[in-house]
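Here come two complexes built around chain A, the first alongside chain B, the second alongside chain C.
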Partner chain A sequence: MSSPFTPMLDALTRQRGVRAALVASEQDGIVVDSSLQIGQSGDRVAALAASLYRKARLSARAANLGGVSFMQLEAPLGRLYAVGAGSLVLIVVAHASANVGLIRVEMLRAATELPALAGGSAA
Partner chain B sequence: MTPVTVVESWIEAPLRQFVADSEVELALLLHPSGQVLAQHGFARAVDVMTACALAAAIHASAGELGRMLDGRPFRGLHHAGATRQIFLGEVLSPRGAYVFLTVFGSESSLGLVRLYFDELVASLNAAASVELPPSSPALAEHFERDLDRNLAVLFGRA
Partner chain C sequence: MVDDVSRLSDELARDPASLVFVPLGEALRRQGQLDLALRVAVRGLERHPHLADGHDLLARIAVDRGELQRAFDEWDMVLRLAEGHPGALRGMGFVCFQQGRLADAEQYLGAAAVAAPDDDGILQALAHVRAQLPDVQPVVPPAPVESTHDERFLFVDVLSDVDQTALLLDRDGLVLGGAYLDHEGNDVAQEVGAELSGVTDAARRATRHLALGDWSSIVFETEVAVVAMAPSPDDGLLLLATSRATPLGLVRRLLDRCAERAVRWLGERAA
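== the complex of A and B ==
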């Protein structure tokens, strides 16, 4: 079943090294839509990454740093990226060898479309 | 941090882990009859007693509604308030069915609570499968006596 977010998520997962792309609710950590490779647990990643993003955003605000534009988490086997737009978070899981710059550009561009897509999905 | 207190020791480690991971404010494990087995975050026995009675009633009502609408009982319920949310779920274990109620605020989220609830169920099942004496049934004629005893254990009056 496709949603207004499906083309955007499919475009992100076509990037080399991307293993999962998800749209989740920042407040609830619930998956709105996802494009996952085998072996990825969407619910688990969404719950934890949305919580992490929310706390990063609150930390940045507490430190008077302004809003969080792009969050990146590095781990031995890959990276996790998150950008927020309104009440939604766009999350990408990628191999360590993936092109960070390209993914970042694609995610920031996609994030600008999220509010309009969310409005469309609510209609 | 408010401690986790339990009537039966096998529940303690899984519940303690759930509370630490999910950052919930309150947690209760009870028999579907409303008999309390473990709690976290409550300061007064009367609040535990009230929450258990309400949780058992909601669980029974939701189960019956599910049977009427869907042919099987609803096993989870979530309600979002203005500042706090509740999640009510059923725990099926080798020792029987239990009801789990948790209250959480902005430190947690429904996604985290559901994620760690699944882990809690798995941990309780693992702990329950170890050789344990069978649970005594919750009998109506002993209900108040057992409830008083369990509340006394939870609040250090035993």
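== the complex of A and C ==
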């Protein structure tokens, strides 16, 4: 079953090295839609990534740094990226060898479409 | 060459988001217009902060300006973005050689030779370094931590700009050292720490669940700053904030230096 977010998530997972792409609620980390490789569990990833993004956003607000545009978590075997838009967070999990620059550009571009897609989803 | 600069400048003016800033910056660097080349590179990287070739360009400009440490930091960033980048490995080898760190130079150039086995320049440089390498390298003891009685100044001598601020938090988000000054000069460390409590645990659980290994950093971009975080001992958190104009390579290098300072300070405090 597809949702308004499906084409966007599929486009992200077609990027080299991307293992998963999800849209989740920032507030509670509940998955709105996801495009996952076989064997991945999206619920927990979404909850943890949304929590990290939310903490980053709130700390930035506490420091008067403005909105958070892009977040990345680095580990030896991969990376987790998050971009927020309204009440939603777009999350991508990728291998360490993935092209960060391309993924960042695609995520920031996709984030601009999220509010409109969310409107379509609610309709 | 002048025609190249003119053509590339026109192209960049037509499309400021274009990647043409890399060949343009390189052309300017070769002409010796280092200030202009630097401006082009920095502006390009503001739009494309994860472009390895952009950081490589910035590193070569830094070398020409005599800023070896900055060049090293930028090449270090290139390697994070493009593992095994031979140009970055060669550049870091060059910087180490210039700084008299022959063993490090040999290591970087050796890795560059593996990455680009047909590059005669790298092989010659490697042979040159190996010829000068003594059998035993002297061990350089770490510099002592600057003594300070005020924890708020823990990172003062590690940071290189007034736009930079660093903070060390414990597992509950309480401030152990450093300060977090907002743009009006107010110390908002406690507020920031409170919002970040639990980050270390959430990051660990996320990377464990995804089998990514131990997390090493979290970086997020805001409208006016880049904030980088790293785990510290006892489930603590180290946080560094810099202006958006700070190259990412330098941000990571500063984060590493702050982490070293934090570990030593916590060790001395516990002793």
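Assorted remarks:
Basically, the second predicted complex is superposed on the first by the 123 of 123 C-alpha atoms of A that agree within 3 Å, B and C clash if a C-alpha of one lies under 4 Å from a C-alpha of the other, contacts with A are read in each partner's own complex, and residues count from 1 in each chain.
The working rule: a contact is a pair of C-beta atoms (placed from the backbone, for glycine too) under 8 Å apart; a residue touches a chain by one contact, two chains touch by 3 or more.
All values reported here derive from a predicted model rather than from experimental measurement.
Annotation: superposed three-chain arrangement on chain A; chain B versus chain C shows no clash, the two fitting side by side. Contact with neither chain B nor chain C is seen for A:118 once the two complexes are overlaid on the shared chain.
When the two structures are aligned on the shared chain, A:32 is found in touch with neither chain B nor chain C.
For the combined arrangement built by superposing the two complexes, chain A sits at the apex of an angle of 110 degrees to chain B and chain C, based on C-alpha centres and given in steps of 10.
In the superposition on chain A, A:72 makes contact with chain C only, not with chain B. The larger set of touched chain A residues comes from C, when the choice is between chain B and chain C. Contact with chain C, but none with chain B, is seen for A:80 once the two complexes are overlaid on the shared chain. Contacts of A:62 after superposition: chain C is touched, whereas chain B is not reached. In the superposition on chain A, A:46 contacts chain B only, with no contact to chain C.
Once chain A of one complex is fitted onto chain A of the other, the partner contacts of A:98 are absent, as it touches neither chain B nor chain C. Touch criterion met: A:24 reaches chain B, while chain C stays clear of it. With chain A used as the common frame, the shortest Cα distance separating chain B from chain C works out to 8 Å. Within chain A, the residues touching chain B in one complex and chain C in the other are 44, 48, 51.
Residue ranges of chain A in contact with chain B, taken from their complex: 24-25, 27-30, 43-44, 46-48, 50-51, 54. The touching residues of chain C, counted against chain A in their complex, run 48-52, 81, 83, 180, 182-184, 188, 191-192, 194-196, 198-199, 202-203, 205-207, 209-225, 227, 241.
Interface residues of chain B, counted against chain A in their complex, comprise 108-112, 114-115.
Taken together, the chain A residues at the contact with chain C in this complex read 41, 44-45, 48-49, 51-52, 55-56, 58-80, 93, 96-97, 100-101, 104.
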